[in-house]
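Have a look at these structures, which come just after this line.
Two complexes, one shared chain (chain A), two partners (chain B, chain C).
Then we have the complex of A and B:
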């Protein structure tokens, strides 16, 4: 069990959302630059160099930390783009860089010893051996855990390692081997691991057809919605496909993670920080989610029960459906 | 009583107050407003990136006219057009006027409005996302569009946003109309 207060790490897709998250009670916010060096590379999202520096000043002025995600993998002939992003993050005064690529980790470890290194979930490091390798070679101080581990597995991991762990508690789920998923590459020719987007928006379309609205990615029909039915953003892993004569969500259901009821369990398992996913989400969403988890975390740290986060945030989950994900692994 | 999820349309008596397309001064006024905003907040238009030169068709379903907007900084333009003159726009955004205004001032969440089908969007999804993210970050107030500052700005913001809020409540509670 971790004896220090757990940190609440919150998404900041834009400067306005960074301010909203900090004011809602984030202990730390994470963000990225306006390019392919981070895994939320959407048009109009993210920070310029100046915006990041201003964001760091604002966050620090309110007692919050800033973590910069440089967590995609560098292309072999353009590694300098990722190194430059790391340099800008360090110059801005940010508190940590979240990375997965060896070139980025090495560059930061050698040239910016003053800034903490956090291992991104994109590294898919889920064993003591993998985590200790990154700690020993690059000085990684914290690892963001893949969203496929149970509470028992996380507890066993924390007993075996000397670095901090950060666990997702709310938002989009990824149950693939993160950083190595090729679904989007197959469909779009663009890799989320290199370009930073699972469903490039220029390849997304919503087509009104006689039998409903078809949500497509690069011409592939990902899902079909009846007239008036809420639609979703077409992501391959959450799509409906025909196999064996049946149509179903083959890879995963379009539901969101909500582990608000497991905060005590995660603390007991030795987790250092709780992470909210959603850099592409709006200020209203981020403020509401951060406030709810702030309340819940403070209650647990004070020795009480977590407030009913499930009820507070049910409406914010994808498809209004939630899951505790792999933390409970009831299917085993 | 209207279902809470139904579109908050302007009541009929309000819609009749808006003139038809011919003779509207709205286009030049909104163009001036947008270009003035670009002078005061250039970063907003930089965030749009290459999509600042895209043409956005904005179609309030409860008005008799629509808009073609090109948010290209100091070269921005807003034209009031007839409903069938939105074809050819890179993006077409359709929805109740109060909802569209709510997206602009950040009262309403664009994702929620789109995914729940209160607004419909067609065309270049990447341009839509750029616009949505830019507006999200902009935290626009009526005073921003009017170029006002200080106490006057606060008064206008309070007045306009309060009026819009009241109009939304009125629209939510209005009986359905043909």
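Then we have the complex of A and C:
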């Protein structure tokens, strides 16, 4: 059981969202530069060098930390782009760099000893051996846990390691082990590891057909909707497919993660920080989600029952369907 | 040894111990392959079935003149799975590392960096080479050109390209064979055994797309990248990896041997492969820096 208070780590896709998250009660915000060095490389999102420096000043002024995600894998022959991003993050006065690539981790460990290194979920470190390897070689202080571990597995892991752990509690849910999934590039040529994007919008089409609307990714039908039915985004692993004579959401239903009811369980499992996914989300959404989790976390830290996060957040999740994901063992 | 070596990757599927023994007996006796990977990579729950078969298979392959590499699990979770990696890493034979977990115990001894380790650039390749990586088979989404640059910048290691077989695209904590059969991973009944090349996953419009194999997702299509000897040589790629399927793998090896010796043109090699009983249509998009499902112009 951790005796220290758990940290609430919140997404900031823009400077305005950073301020909103801090004001809503984030202990830390995470953000990235406006390029392919981070895993939310979307148009109109992310920070310039000056915006990051300003964001750090604002966050520190309010007692919050800033974590900079440089968590894609550097392209061959262009590793300097990733190294420079790490240099800029270190110079901005940010509190930590979140990285996955050996190249980035090694650069930061050698050249920026003053800044904390967090291991991105994209590194998919899920065993004591893997985590100890990253700690021994790069001085990694915290590991963001893959979203495929159960609460029992997280507890066992924390008993075996000296490094802090951070667990996702809300937002998108990857059912595949992150950083090791090439489904998106198989269909579209672009992937999280290569380009910082998954199921990219420019490859999406919604085709009106006699039997309804087909949501397609790069021409592959990911789901089909009857007229009048709300149409979802064709994220590859949330699609409906045929296999073994059955038609189903084979990999995962179109749900998002809400582990609001698991906060005390995660604390009991020794988790240091709770992470909210969604750097692509707007200011209003982030404010509301952060405020709800602040309230729930404070209640758990005060020794009381978790307030009903589900009620606080009704309507804020994708398609309004939620799951506690792999934290519950029956998921797998 | 020929200039370009052939490697037989590990079997991804849940094959019975009889099937494994028959398969490797033919490989040992007939296939023009220099290096053969053995061991379970995808699911630790299968290991009690195949573990007893490996010693005899390894002996047979080594007697047949093959270099045997011990492949390790790509997504270890349980204590037993983690221990299996530690045990294999202690072996004097070459070991394939498929998860960072194995790097800790194998550092300082030679290893193969498998396609499940994220090696996308020369700095991460150098990092692994310093730890002992001798052969690096980069992730399948990396192009032939990118692997060529890696090879030119890291001459200390041999680079291997995943040239044949359904492409390993993703791993999960969740078992899809179990999910299709309304079971949980913990009581899965090993239904994956019924699909020795994986279970096809089609779209609602019957487009062939993916295949599942327990916790693994593969392409439905079969990677059949057929570079010319000149292309391989100019890119400095020293090894070609073939991934086992139930089709005639000895014939697959012979086709790639002729290709890598410059005795057969890529078009002829592709035609010869297309005549075999492959589990899906042939693609090579990734090698050309395109979406993996695409079949592109000759290399």
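Simple rule for what comes next: the second predicted complex is superposed on the first by the 329 of 332 C-alpha atoms of A that agree within 3 Å, B and C clash if a C-alpha of one lies under 4 Å from a C-alpha of the other, contacts with A are read in each partner's own complex, and residues count from 1 in each chain.
One rule holds for everything that comes next: a residue touches a chain if its C-beta (ideal position, glycine included) is under 8 Å from a C-beta of that chain, and two chains touch if they have at least 3 such contacts.
Nothing here was measured: the structure is a model prediction, and the numbers come from that model.
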Answer with clash or fit: chain B and chain C placed together on chain A by superposition. fit
Looking at A:7 after the superposition, I want to know if it touches chain B, chain C, both of them or none. Which is it: first, second, both, neither? neither
Of the two partners chain B and chain C, indicate the one touching more residues belonging to chain A. C
Report for A:95: first if it touches chain B alone, second if chain C alone, otherwise both or neither. neither
Is A:27 touching anything from chain B or chain C once the two structures are fitted on A? First, second, both or neither. neither
So in the superposed three-chain picture, is A:164 touching just chain B, just chain C, both, or none of them (first/second/both/neither)? neither
Between the C-alpha centres of chain B and chain C, what angle is opened at the C-alpha centre of chain A, expressed to the nearest 10°? 120
Could you tell me if A:43 is touching chain B, chain C, both of them or neither one (first, second, both, neither)? first
Going by the contact rule set out at the top, does A:283 touch chain B (first), chain C (second), both, or neither? first
Quick one: is A:228 in contact with chain B, with chain C, with both, or with neither? Answer first, second, both or neither. first
Between chain B and chain C, whom does A:242 touch in the aligned arrangement: first, second, both, or neither? second
In whole Å, how close do chain B and chain C get at the C-alpha level once superposed? 18
Can you list the chain B residues touching chain A in their complex? 43, 46-49, 51, 106, 109-111, 114-117, 121-122, 124-134, 136-139
Name, in rising order, each residue of chain A that touches chain C in their complex. 73-79, 100-103, 106-107, 123, 125-130, 132-134, 136, 146, 148-149, 153, 175-177, 179-183, 185-189, 191, 193-194, 214, 218-224, 237, 239-244, 246-248, 250-252, 326, 329-332
Touching residues (chain side chain A, partner chain B) in the complex: 13-17, 42-45, 48, 51, 200-202, 204-206, 228-233, 281-285
For the complex, which residues does chain C have touching chain A? 74-77, 82, 85-86, 99-105, 116, 118, 120-124, 127-128, 139-142, 146, 149-150, 153, 167, 169-176, 178-181, 184-186, 199-207, 209-210, 212, 217, 219, 285-286, 289-293
